[in-house]
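There are structures below to look over.
Two complexes are shown next, each including subunit A; its partner changes from subunit B in the first to subunit C in the second.
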Partner chain A sequence: MSFEWPWQYNFPPFFTLQPNVDTRQKQLAAWCSLVLSFCRQSKLFTLDVLEAQESAVFNNNRIHRKLSVEAIQVVFEELRKKGNLEWLDKNKSRCLIMWRRPEEWGKLIHQWVSKNGMVNLVFTLYELSNGDDTEKEGIKYFMFPCYIALYQQNGNASLQNYNFTVKATVR
Partner chain B sequence: MHRRGGGAEAIAKKKLAEAKYKERGTVLAEDQIAQMSKQLETFKTNLEEFASKHKQEIRKNSQFRVQFQEMCATIGVDPLASGKGFWSEMLGVGDFYYELGVQIIEVCLALKHRNGGLITLDELHHRVLKGRGKFAQDVSQDDLVRAIKKLKAMGNGFGMIPVGGSYLVQSVPAELNMDHTVVLQLAEKKGYVTVSEIRDSLKWERERASHVLDHLLKEGLAWLDSQAAGEPQYWLPALFSELLSRDVTPEEANQMTP
Partner chain C sequence: MDRFVWANGLLEMNETLVIQQRGVRLYDGEDKAKLDVGVVLLSTHRLLWRDQKNHECCICIHLSQIIFFEEQAAGIGKSAKIVIHLHPAPENKEPGPYQHSKYSFIKLSFKEHGQIEFYRRLTEEMTQKHWENTPVSQPIPTGIGPKAGRTRAVGIVGIERKLEKKRKETDKNISEAFEDLSKLMEKVTMVKFIGLDSANLYLSLQAKEMVEVSKSIANKIKDKQGDITEDETIRFKSYLLSMGIANPVTRETHGSGTKYHIQLAKQLGDMLQAPLEERGGMMTLTEVYCLVNRARGMELLSPEDLVNACKLFESLKLPLRLRVFDSGVMVVQLQSHSEEEMIASALDNVSDKGSLTAEEFAKLLGLSVLLAKERLLLAEKMGHLCRDDSVEGLRFYPNLF
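Presenting the complex of A and B:
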């Protein structure tokens, strides 16, 4: 299924950081939405900033416009503030893209665990990440946040020995 | 020698005759007026009969509606006058335009986040028709213009700016003066405009052009494109041809600030 670009993508000014504050807000909201949709569709969980700069998301060759490095950083910062992005290194060269936020992942896991009737089950990440559901692939990147989320929802989750094991207790 | 009517007598006679003529003239005028009033009343009654007989036609057929409106205008009747009365109650013509006005407001509100409150009459027409569905009454651009005029009279912040043979409909109370309007008209062709184009076409000084463009940016009607070859371009989403008839996606709706 090919990706459907939003109307802004073909609008040349979309690639210029807007001077008007209100318009900029609209612009950044649209950029965040675009990055998240693109990553969701392409099943991307991490982004390398240098690679991203060259990707089609920030470069529209058809209209010869691209988002500048500074502007891309602004978009990433916006995503971080909204809880959809986390830097994996101090130099901000690589990041986690959470087109589903940790709380949402936590909820998904909880639902999956409840549905499969697992109680007091300790399952390794291997199981989780190689399940039928391709979405579980993303879980391996969200260990800590998921643990937190599960704990918050369930009141009872433990992370053991950093062995990528999640113990989920469903009440 | 032939005896003429004596000077004084003649004058008196003449005066009397004139007076009589004048009186007659007055009487005639009154007569005429009475007759015309009667004719007008008859005409109006006939028009009312005509209207009620062709009520369905008026509601369904937009061309019919135009002609009907024009007929009303010649005798000074406004079928859209709000409030009670023959026209709005009997015909429901008032309802038609009232409902249309509501629809227009809905469309403009739904797209305001995109175009800043400026939309072409063409796009508005297209979307109104779409919203009404296949089996609804036909709506012409003339209908839209009338409905918008009504909205404007009610003080809804509506206005119409003539551009390129049609109109841009303004649905937010952004202050647009003649300078802004003329630049909008210039931008209509390509969907964007530059300082040079304004200077060449309108013979303005750079500062005047920049001032207008800054205002359009400030009102959220224009976006800046600084990657254009040569000089910055100012684009108006309202005039962006690729955007016309492109629906608002759920994603887009989610981005809208409350």
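Presenting the complex of A and C:
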């Protein structure tokens, strides 16, 4: 399924950071949702900033517009504030895109665990990610969000590092 | 030049150096002396000359030997000179550079200037005649005995002396004449005279008053002595105002505004109605400036006057307003001008055309590009438009966000 670009993507002013505060807020909101939906579609969990600049998300060749580096940083900062992004390094060159926030993942996992009666049982993350549940489709491809989601479960889950398999217990 | 004697260049007791000037060549009458360029020194008693290169070579002449002297202005290729007419040399004169001379005057040629100051000092010394009070140890060649002088009354020296005497007389008369006038002026204060002849006197008296007041203020400012009294300031200000100068002391140009600015504002109010309507109710201040000055021809306005006059529009209830945009652009607009209408129409225009640049918009409306841009920016500020900034330029779109 090819990605469906939102109408803003073909609107030239979308690629200029608006000075008017109200307009800017709306613009940034649109950018955030675009980035997240694109990442979800393309199953991207991390983004490299330099690569991102060249990607189709921030470059619309058809209308010859692209988002400036400063503006991209602003969008990323907005995502971080919303909780959808975390920087993986101090230089802010790579980031983690969580088109589902950890809390949302946590909830999902908890639901799955309870549904399958696996509460208080130990299981590996692999088991967790390779279920038939389409809901967990995202986890299938990358463990990381899972790890964080569980870790951030406020004590509802505990992790044990054990021979490359992380065991988890969900209470 | 035969009046000069050799000297050692040292000053005697009671003799003080008044002024010295380098770059001076001596002339024996009309001819250049067989000496090089040197330094001429004036003391309270003597006039000395020393060779610049060879300091050993020094000559002098006593000031009493000078009958009179005058300046000779510089010409093309000629330096300014002082011509000094001398008494004849006494018989017992010491040896000097010249034994004989056919001239009885010498010239000092000031190749490196300095003649004005030197002349002034020489005049002073010749007036004060210090040598008569404090004779120096050197024998003063006062060779001119009264008898010897009188017998030479004829001839060039006599004529020269007569000229000098005449000049002194005229000088004296003139200064005496002015003495009375200044005394009169000092006695009489601001008494009102009626009559044309006295009008001039009254004006000059007023002028003198003003000068004194301003002098005292200036001095006080210089000495930083406390405050200038209220009274003096008020008087000073009133003088200035009567002369038509705006108040420079307090710079209250916003609140008060002088008569001139008020008049000017009214004039502008009349003059700018038609052009403003033509241009859609708004003109930048520079446009106004050009228009007004072109119309005036003579007596042009300064930018400062224009701004000050425009600031008075509101207080004078004229149908014009001075307005400053965020970017600093100042415009004059009709009071009836409505900003909302303008913005609404701007939005319509942009929507029609899909998008517009400032230049396109200006062309469409017949406005200047500056004003067109201001309008678009204002619409953007209101949230009706959004911008597209790229290498192609700045475009404005209707705000679809």
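By our rule, the second predicted complex is superposed on the first by the 133 of 171 C-alpha atoms of A that agree within 3 Å, B and C clash if a C-alpha of one lies under 4 Å from a C-alpha of the other, contacts with A are read in each partner's own complex, and residues count from 1 in each chain.
Rule of thumb we're sticking to: a residue touches a chain if its C-beta (ideal position, glycine included) is under 8 Å from a C-beta of that chain, and two chains touch if they have at least 3 such contacts.
None of these values were measured; they are calculated from a predicted model.
Novice: Could you check whether subunit B and subunit C clash or fit when both are placed on subunit A?
Specialist: Overlaying the two complexes on subunit A (C-alpha atoms) leaves subunit C and subunit B clashing.
Novice: Once the structures are superposed on A, label A:Arg65 by its partner contacts, choosing first (subunit B), second (subunit C), both or neither.
Specialist: Once the two structures are laid over each other on A, A:Arg65 reaches both partners.
Novice: Looking at subunit A, does subunit C or subunit B touch more of its residues?
Specialist: It is B that touches the greater number of subunit A residues.
Novice: Taking the superposition as given, does A:Thr16 touch the first partner, subunit B, the second, subunit C, both, or neither?
Specialist: In the superposed model, A:Thr16 contacts both subunit B and subunit C.
Novice: Taking the superposition as given, does A:Ser42 touch the first partner, subunit B, the second, subunit C, both, or neither?
Specialist: So A:Ser42 meets neither subunit B nor subunit C here.
Novice: For A:Gln111, select first, second, both or neither according to whether it touches subunit B, subunit C, the two together, or no partner.
Specialist: After superposition on chain A, A:Gln111 lies in contact with neither partner.
Novice: Clash-wise, after the superposition, say which stretch of subunit B runs into subunit C: 43-51, 61-69, 169-177 or 241-249.
Specialist: None of the options clash except 169-177.
Novice: Quick check on my understanding: which residues of subunit A belong to both its subunit B contact set and its subunit C contact set?
Specialist: 7, 11-13, 15-16, 18-20, 22-23, 26-27, 30, 64-65
Novice: Would you pull the subunit A residues touching subunit C in the complex into a rising list?
Specialist: So the residues of subunit A touching subunit C come out as 7-8, 11-13, 15-16, 18-20, 22-23, 26-27, 30, 64-65.
Novice: Give the list of subunit A residues in touch with subunit B in this complex.
Specialist: Touch list, subunit A to subunit B: 6-7, 10-16, 18-20, 22-23, 25-27, 29-30, 33, 37, 64-66.
Novice: Under the touch definition given earlier, write down the residues of subunit C that touch subunit A in their complex.
Specialist: The contact residues of subunit C facing subunit A are 355, 380-381, 383, 386-390, 392, 395, 397, 399-401.
Novice: Under the touch definition given earlier, write down the residues of subunit B that touch subunit A in their complex.
Specialist: Contacts found on subunit B: 113-114, 192, 217-218, 220, 223-228, 233, 235, 237, 240, 242-243, 246, 249, 251-252, 254-255, 257.
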